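Each chain gets a letter, A, B, C and D, in the order it is written, and its residues are counted from 1.
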Amino acid sequence: MDIIVLRQDATDEDIRHIIKKLESRGLQANLSKGTEITIIGVIGDTSKVTEEEEDAIRAASGVENVVRIVKPYKLASREFRKENTEITVRGITIGGKKIPVMAGPCAVENRTVLGSIAEKVKASGATFLRGGAFKPRTSPYAFQGLGEEGLRYLAEARDKTGLPIITEVMDPRDIEVIAEYTDIIQIGARNMQNFRLLLEVGSSRKPVMLKRGLASTIKEWLMSAEYIMSRGNHNVILCERGIRTFETATRNTLDLSAVPVLKQLTHLPVVVDPSHGVGKRDLVAPMAKAAVAAGADGLIIEVHTNPEEAMSDGEQSLKPDQFERLMRELKPVAAAVGREI
Amino acid sequence: MDIIVLRQDATDEDIRHIIKKLESRGLQANLSKGTEITIIGVIGDTSKVTEEEEDAIRAASGVENVVRIVKPYKLASREFRKENTEITVRGITIGGKKIPVMAGPCAVENRTVLGSIAEKVKASGATFLRGGAFKPRTSPYAFQGLGEEGLRYLAEARDKTGLPIITEVMDPRDIEVIAEYTDIIQIGARNMQNFRLLLEVGSSRKPVMLKRGLASTIKEWLMSAEYIMSRGNHNVILCERGIRTFETATRNTLDLSAVPVLKQLTHLPVVVDPSHGVGKRDLVAPMAKAAVAAGADGLIIEVHTNPEEAMSDGEQSLKPDQFERLMRELKPVAAAVGREI
Amino acid sequence: MDIIVLRQDATDEDIRHIIKKLESRGLQANLSKGTEITIIGVIGDTSKVTEEEEDAIRAASGVENVVRIVKPYKLASREFRKENTEITVRGITIGGKKIPVMAGPCAVENRTVLGSIAEKVKASGATFLRGGAFKPRTSPYAFQGLGEEGLRYLAEARDKTGLPIITEVMDPRDIEVIAEYTDIIQIGARNMQNFRLLLEVGSSRKPVMLKRGLASTIKEWLMSAEYIMSRGNHNVILCERGIRTFETATRNTLDLSAVPVLKQLTHLPVVVDPSHGVGKRDLVAPMAKAAVAAGADGLIIEVHTNPEEAMSDGEQSLKPDQFERLMRELKPVAAAVGREI
Amino acid sequence: MDIIVLRQDATDEDIRHIIKKLESRGLQANLSKGTEITIIGVIGDTSKVTEEEEDAIRAASGVENVVRIVKPYKLASREFRKENTEITVRGITIGGKKIPVMAGPCAVENRTVLGSIAEKVKASGATFLRGGAFKPRTSPYAFQGLGEEGLRYLAEARDKTGLPIITEVMDPRDIEVIAEYTDIIQIGARNMQNFRLLLEVGSSRKPVMLKRGLASTIKEWLMSAEYIMSRGNHNVILCERGIRTFETATRNTLDLSAVPVLKQLTHLPVVVDPSHGVGKRDLVAPMAKAAVAAGADGLIIEVHTNPEEAMSDGEQSLKPDQFERLMRELKPVAAAVGREI
């Protein structure tokens, strides 16, 4: 049930009008008059009430405010599915006791570098290979990724190491070719509300990792997950990667409290990206440990054999020996919270 | 020139390495050793230095920080073009002395309602008709727009009233059909960094109105304009529509200071959208006046004949008589700052 | 009335417990059971319900959420007093048709400079002289103001020009001496929630100008006004001076929409400080005009005869000729919105 | 060294003027002319350059921008003191290998409740007792704390349990009485820039725990620590307690990345307050673990025997059995990162 709060000067005519409107949508009204404020409780399945209908009621004469109680997402909610969703890709499960680590370069640059990084992260215990073939860049003059050539290099690296791969899609027209190569499709932060793209990956059968938008609330994030799920693809992984705040000491502010909040609200697995969250190599390891301690179901970490030659995000990439050390240090942290890595 | 600040412990080897790297990119280095800090001034056209190259330098051994002085956009900058860009659409100029007002419903709902709104806003002095045929909605269960049918209704309304039209594109696959009907293509706030979409509208010859992202800095906004311009389409209009802050009394925080800031940084015209900026009908008129006083080159305002029946954003839409009154009240404000409306 | 939303698993025992708790506080409960959610409407004067009582209810077993409908401030609310509060200081009214302009240096530096600035702003039409004698500075090594000596210079400048003065208080121990000299006491942004200071100025009979905190919501701001008013001093002026956001092109983000929002919520006059809001000289004039167009009841503007020698905030101070020009340009803007300047 | 970037149109006269100004302040200038931009490197001890002097230079003719490289705090910086500061209070060390936990109610309500909570948190392994006697409350109608009576109850609880105590000061006039009772003085988030209060506690010999302001950058926070240290009190503990962002699912956004950032910038110990950071009981335990994993030197946690009867912040207080369980669960997390609890 949702609640409509009326203005003190709402007339009986106003009230009748609102009740009629609710009833025309198959809902019932429960009028409750107080000495100072009168409210209408809305009875029925209000999760079907869309934003614009809510807005229409808010805009009606006599209405002070509308308080939404029922969550505006359904398939993604913990109420819809009590047990955690586990997503298994080539034998690796995301959302289970064991915490998978996705590692690799920000962008795929060439076959040799990627192959070398893949072998190193595999040796250190990574279970997925990450790497961008299509890159969202703030400048039109920046390297935009190798495209399909990059996808082929990723597939080759998977063949050699056995690591399943995850890569980003930016354009609905690329989904088909990306889905041909990748094991998990990533939706980047800037596309979290690219609704057409969400619908398209919702029609794919590949698991989707949905990164949180820079200025997106947890509620909006779950509604974007709902977009994907509404098309039938329930294999959605959420990825916290930092939000935009006034603080400039870090690239973004990694919102680790989103992890336990999501664990209450949704059954979907939650991965944390400390690399983008902080944007500085030295801060990645402590935040990766903190993410595991907070209950994250997975990590995605940038690793590069030669960060200062990396074509993007070199500043935040770990060197292979740093990554190897981090993987070792993560084990007792995972164990301390009843998980494995 | 940009500046590289070195760490106190930077070695001569580090410095040689950085200088070599700059020279390999056609730049020159100017070393300046202080008692406490040593800096390298970078000489040459550093506007061509991309982010990833900047990052690579920042990640290099011995580097404390990189200070970017030269703006990372060029075509959009006031340095590139001193005089204001004026964009003329069917005889109406945006960026000149006269301030055009774009008015209409949030979404096109049906032929009759749109036609009626169009006539009313025309009568009150609006010079463009706005209306969404493809709507970005946070919920997958919400009305997503009429699509091409909506475009046809817009074109019909233009035929009847003579008002040129502006409508939003969300998907690169829709550009062709939208460009067939519309006079100005709008890129919404959520797509400000949908880089593929920007490149595609950059290849179109239609003027583009680029809304500011909810969490986008003015610099990022101009870099998105640069994306469009880099493809040859220099007819870009910027639209401030509010940013996301902690304040919840308004839907967003309308950043009117962006108007004079942009007037310094760029030659592109700047339009303000007070309807989305505040999200509440009663606040639209004062903020529209404030926008004009701050130097805006145009306004875009939501108007609906029956806001409480509107299928989206009813709460922030003006009724026709409110719009008519606002248009009257805007005239002296425009005159007070040497403009016309 | 406020609303308590119960969890789906709330027991009858939970409900009885909550109702008993409300009744023990003199309130009545109105239980409303829906198919999905049950709510309790709280009847009685809930404006007396404090935060901790609200928290206690939220923490009770069976409670999903508490929705506060009644505003948590009373004396400051428009409901308490319908007509605008007008505050008259030495013949100058704040909150009336005529818009007073407070002008002067950020800090009082010495008698000569202050005297010279005072005469110039008076000649241009300013109606108050501003200047800080006690300065809040982020660094302990910065100039902290002249203290009582500065107050004496302000009083001398008032004697010569007839301009009433406004100056800031930072410490409850200084109120007595400041009140001896000043006409209006200013509470700075950083002290908006220095509750002890608010109570103390609430006991003074001097009008108080309360600046908005950098990260304060409009609701919190009004609750700070309520603090002052609760001690009997109803002569409170609110001053919007920019909030902290992610944008770095301006020092703060001047939230002009706060002006019309406050006009709905409160009867208190609203002044705008464009100097601190933007932090850059060239942006002050357009934002001052925008503030007037948005409905501001007053302006406070930094002016310095020699900004580059100013001991603080030189970057945002207007030169006297710039201020003179702005005052001329503001007149038609004020007239356009039915005001005078 | 700091850097002054000149405008393209800066004249030789402008440059001479700036250099003269620097020299008059005992600094030297290093002019570096590029093809596009000219910069002046400032040589000498610029950590003594105050904000207003920086502003004055920024306001000078011909100046594009001033880039501050040298940190504006000194005593608080890691450069000033390489080894970690350890602060020992009644035998308990903050900043060492062992992580102290401060626990207790938000506000001291009465002797019995406080005594009972103190015994319980002691039994679970807490090493400090927290509790507010003077409470900052957003509403003037809320419970403001018991004042000195509350301090006496804290001292009694210390006598019984041996737990040293920490309590907040809000007003310089209360420092003397608070210092008589407490072991650590707390400065709350709202007073982080109450500069007079900072100076006063800087003159005290009691250790001070300085909470981060809701909208304060890490740099500003360290400058507030510098205020305290500049008066001779070097026993400053920093406490991260969440910043204000657009997200409303949590009370604040706990910025755990501040922990490793501070470990680089300063030698002062860093405590985390997950209770205020998230504001919801169920989220406290995961965030406490995450804080320890991120490298926090201490925790401060709200515990109440009967949260729903608590006079403030009941919603975020752990019950004693929840606290006891958390303390047990924290041990392996601390061990995993080489610490003890």
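One rule holds in what follows: a residue touches a chain if its C-beta (ideal position, glycine included) is under 8 Å from a C-beta of that chain, and two chains touch if they have at least 3 such contacts.
All values reported here derive from a predicted model rather than from experimental measurement.
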Maximum centroid distance from subunit B, chain identifier (CA atoms): D
Pair of chains joined by more contacts [C-beta pairs], A-C or A-B: A-B
Mean-CA-position distance for subunit D and subunit A (Å): 31
Between subunit A and subunit C, centroid-to-centroid distance (C-alpha), Å: 39
Chain centre separation in whole Å, for subunit B relative to subunit A (CA means): 26
Sequence positions of subunit C contacting 2 or more other chains: 215, 244-246, 248
Subunit A-facing residues of subunit B, complex: 48, 50-52, 55-61, 72-73, 107, 136-144, 170-173, 190-191, 193-196, 198-199, 213-215, 220, 223-224, 226-227, 230-231, 244, 281, 307-315, 317
Sites on subunit D touched by subunit A in the complex: 215, 217-219, 243, 245-250, 253-261, 264, 277-278, 282-283, 286-287, 289-295, 329, 332-333, 335-337
Interfacial residue positions of subunit A with respect to subunit C in the complex: 1, 3, 5, 30, 32, 34-37, 39, 41-46, 64-65, 67, 69-70, 244-246, 248
